[in-house]
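Would you mind keeping the following structure in view while I ask a few things?
A, B, C and D label the chains in the order they appear, each numbered from 1.
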Amino acid sequence: MTLTATAKVEGPSGCFPRAENRCLVASNEPMNSEYRLMVVNAPETGLSAYAGQFFHLLCPATATEQPFLRRPMSIYRIDRENGQLGFLYKVTGKGTCALASLAPGDELNATGPLGVGFSIPEGTRHVAMIARGVGLATLAPLARMATVNGAKITAILSARAPEFLMSRDELEAAGAAVIEVNDVAGNSSPQDVTNRLRDIHEKTPIDFMATCGSNRLLSLTRELCSEWNIPGQVAVEAFMGCGLGMCFACVVPVRDAEGKEEMKRVCYDGPVFGVNEVTTW
Amino acid sequence: MTLTATAKVEGPSGCFPRAENRCLVASNEPMNSEYRLMVVNAPETGLSAYAGQFFHLLCPATATEQPFLRRPMSIYRIDRENGQLGFLYKVTGKGTCALASLAPGDELNATGPLGVGFSIPEGTRHVAMIARGVGLATLAPLARMATVNGAKITAILSARAPEFLMSRDELEAAGAAVIEVNDVAGNSSPQDVTNRLRDIHEKTPIDFMATCGSNRLLSLTRELCSEWNIPGQVAVEAFMGCGLGMCFACVVPVRDAEGKEEMKRVCYDGPVFGVNEVTTW
Amino acid sequence: MVDLSVTVGGVRMANPIMPASGSIAEGIADVVDLGKLGAIVLKTITPDIRQGVKPPRVVEYTDATLFSIGIPSKGPDYLLNHTVPFFARFGPPVIASISADTAEDFGNLAKYISDPRIAAIEANISCPNLRAHGRAFGMDPVAAAEVIKAMKGNTHLPVWAKLTPNVGDIAEIARAVEDAGADAVVTANAILGMAINAETMMPRLGNVVGGLTGPAVKPVILRMVNQCAEAVKIPVIGCGGISTGEDIIEYMLAGAAAVQIGTMNFVHTAAMEQSIDWVADYCTRKNIARVAELTGALQLPVDQKSEQRDAVAL
Amino acid sequence: MVDLSVTVGGVRMANPIMPASGSIAEGIADVVDLGKLGAIVLKTITPDIRQGVKPPRVVEYTDATLFSIGIPSKGPDYLLNHTVPFFARFGPPVIASISADTAEDFGNLAKYISDPRIAAIEANISCPNLRAHGRAFGMDPVAAAEVIKAMKGNTHLPVWAKLTPNVGDIAEIARAVEDAGADAVVTANAILGMAINAETMMPRLGNVVGGLTGPAVKPVILRMVNQCAEAVKIPVIGCGGISTGEDIIEYMLAGAAAVQIGTMNFVHTAAMEQSIDWVADYCTRKNIARVAELTGALQLPVDQKSEQRDAVAL
């Protein structure tokens, strides 16, 4: 048995587990030159989100951008006490530029929670998560999920340069041991990270791994998982149309245990898959 | 000979008498519950406008409105000393709502000056103008044009109710004698206005009339002009595509002296026509 | 109380609003009360199992999308054992949609899925006809009619012909399928389009071409609905570019008996429910007792009737 | 320095950018330096004098317009005595555009206006063919070919065939006009559309239907340009939905040898000039010596070539 869908445990009991949540922006501040954190006050349904799920955000029209489709954003912070959700996003193009224009008090229409998130197998003692870039946003709530389940968590955060490292505080508050690596310091190569993980595993055996945000980190996670014979999960990204499993735009090839490939929907069958299920993305 | 196109006298001498003027909004304030006055700092080409001409305004995209085409607005104020243009506009739909969102310091892209405006025949001694609603915006600069040409000007301003009357100061500053009538007071019927004009004409003969903004005012102007055998002009409105005489969307039937009808472009052949040229609009 | 019910191509519906094929799946039931819809139209299935085309599968425009999915299909057994039971429990009539490589295969598939839980079968004839070098069945009146005949000969369920807009004269195709026995036409599927990335010099879609859908196509499809409604006696179901109740009224005035909403379900899951309410309010406000009265109620000024209607004169 | 020049359908141009027929008139010379354009395409004229259709003549969408003008025309004498001299003085080649009710009239008009100041004649075959109940010449390969043959038999000037997009298979029409001797095809005119006002229950256009133009039509016309370029050897001129230099690159990659900009001239008079600069910068940045190299340079991943290209599979 695995512990999945926190929503099913803590979420609202109505028949509509997902909704177009009309949230109110509480803050929307830059974290560094590329990333912003948007915190919103969300209705009950929105707050039933758990790690690895995402919301499909309606990006407002601005003088320069009129995004038509919604944009998927992982849930970065779930603060049920204060009724708030947080999204950590990189300002990339049309949609995220438009999101960046939202001011406190503005409405954010957020459909969700969507997708199948992380599920930490029962009895897990030590979770290792490895995130880079946007992947951080996706993995952050996993720390609290692990802690709640009585597991220890080690988080390796990777970035181009130290100034792009984020969320140490967020993660430590959730009980994670945080290790930061970056390209400038030269300690973020797959080999370096693998060595670090071997050291950690030596001291406190890792029995579950999670990753997101880089193909190279996925490869090394997959290798270590198979070496140590433990489960591992990855959150996958894809261009989305609907976010609700309806349009089949977001498919990736997923391999079952027998190696048979099938196109699966990142938004509905994922975004979290087993590290061995995902081939390329 | 008639005195037309002030632009040709005072305008810039370059080969491009019209331009996409990049103006800066100086102010954009409500005048009453329906109308706003936008004053912008305009480049030289824009300032060559004269009474009866218009600009084709690019309306900014907002969260709720994305107007695609430009919107035509008569030039309401030409302040060459301060390098400013003024537009008096009624907030009606998409485009004008979007205009209303502009704040001081924002850019307004205004193509113009466009069209053929009023031309006061040389030797004119007494101009009578009759305006209602939006027509006021179009006729206001005529007062200064008349004054500059040494003519006296009487302006009859008509409105639904006294609170919708505007521009008395603007007109008086330009040297006009202003008479206000409105539906609530019950002195704005065509009959009442005609009687007023007859009285005025009796004292100081009117030798040119101009009108805009109401079919009924056009009819009475046409009748008085033919009765007194004086010229009269009217500024006409039409839905526009390009504003530059290129798309032929803005046509109205125009009758020549022999009564032959031809479709003419309001934006290029007009918007000002002789009162006898225009049939319906 | 306004009577919103309509009977369209053998199917009685509580209101004229349904999803377009391929625009909903099980996931929508987590968000929307499907019981309120006029009908529930399922995604097209094929006789075989298909994975669809290579991603990327979507390109976005200001108010349109270009999708190329390639009709992934789990086949007829999955439809009957999973999809139909899942949707049938909500109440509204369930409309299946099928596609196949040949007219005979359309017929066989229609027979195979003829099931009392299905209220009608939509024939997606926008898909490639293997016998005509991959041109859509719906581009040719003869091929389109053959599909409908093959289906009508194999099922007692009503058959709706979903036309492709990628034709010169859609009325001709509508007449052909009417003559072949179709119970309604759905006008229309997506408009064939292409997107290129100037920087990479490559197509933006894995499949190079895709179907343009969403608000931007409304003027084109509205014109086609009007042309079909003038050409045939069977009901016309409007589909393409509809996002609001106001759009629905426009389609009905142009001649549609009912409508389908597609892409807008991806952006606003509430679009269908909200537009049902809007249509009801409109009828109340306009004193229209039965929504069905709106069908074809467009007012043409007398002198407009004779003008150029079949060609662009700019 | 990038070589922007192209030779298209018998006309040498300094760059591949020109206005679409009907999108400029004398007024633009007050704002834009016409000397910079690749060519100057004039509005369509007819043999007779016409006033056009009843207003309203334009409806606006988020990024498109629906115009119905009806080709007001002052006839060929006005063209030769006023329009041509006005535009010829700016330098770029002047392209006339003609339309008529029958193929013979196209031929006669072409002959009448064959004048050394005109570099080529565009045949606007989107207009109604009186012999085919008002359906456009361009909807039928035979009628389209007849028009081109009639013109080619009557003038030594190059003839460009401006196709209508309101067809199922535009490549077929392109091949027909190529066989008939056309020197280039222009792909394409406006897409037939309709607009209804739900409140008044009336059409929004005086002529009921009109032509959809502007950015929203780009994916559809881009696909048609690609289909035409694959079908014929004569140059294809892309027209429809172009507003920026980036759009022009996309059209050239899809197979266009040159492009025409229409509706965008109404919104941004600077659109053509700015896009010439953008294209030059793009070529410099990409190390492309001659803009003509871009024509048809779209990169197709190998495995994309075999996929479904002629039908929508969603």
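The rule is simple: a contact is a pair of C-beta atoms (placed from the backbone, for glycine too) under 8 Å apart; a residue touches a chain by one contact, two chains touch by 3 or more.
Since this is a predicted model, take the numbers as computed values, not measurements.
Visitor: By that same contact rule, can you tell me which chains touch subunit C and subunit D alike?
Guide: none
Visitor: By mean C-alpha coordinates, which chain is most distant from subunit D?
Guide: A
Visitor: I'd like to verify one number: the distance from the centre of subunit A to the centre of subunit D, where each centre is the average of its C-alpha atoms, in whole angstrom.
Guide: Here subunit A and subunit D have centroids separated by 49 Å.
Visitor: Rounded to a whole Å, what is the gap between the Cα centroids of subunit B and subunit D?
Guide: Comparing mean C-alpha positions, subunit D is 37 Å from subunit B.
Visitor: For subunit B, give me the residues that contact two or more of the other chains.
Guide: In subunit B, 66 touch at least two other chains.
Visitor: Two-or-more-chain contact residues of subunit D, please, as numbers and ranges.
Guide: Answer for subunit D, listing residues that touch two or more other chains: 22, 61-64, 67, 69.
Visitor: In graph terms, with chains as vertices and touches as edges, which category applies: line, ring, star, complete, or other?
Guide: ring
Visitor: Write out all the pairs of touching chains, ordered by chain label.
Guide: A-B, A-C, B-D, C-D
Visitor: Mind listing the subunit B positions that touch subunit A in their complex?
Guide: 60-64, 66
Visitor: For a test of understanding, state which residues of subunit B touch subunit D in their complex under the given definition.
Guide: 16-20, 58, 66-70, 111, 238-252, 262-263, 268
Visitor: Under the definition above, what is the set of subunit C residues touching subunit D in their complex?
Guide: Residue list for subunit C touching subunit D: 22, 44, 53-54, 59, 61-64, 66-71, 126-129, 133-136, 139, 164, 166-169, 189-196, 198, 200-203, 206-212, 215-216, 218-220, 222-223, 226, 246, 249-250, 253-254, 282, 297-301, 303-304, 307-314.
Visitor: Per the contact definition, I'd like the list of subunit D residues that touch subunit B in the complex.
Guide: Listed in rising order, the residues of subunit D that touch subunit B are 22-28, 30-33, 51-52, 55-58, 60-65, 67, 69, 72, 214, 265-270.
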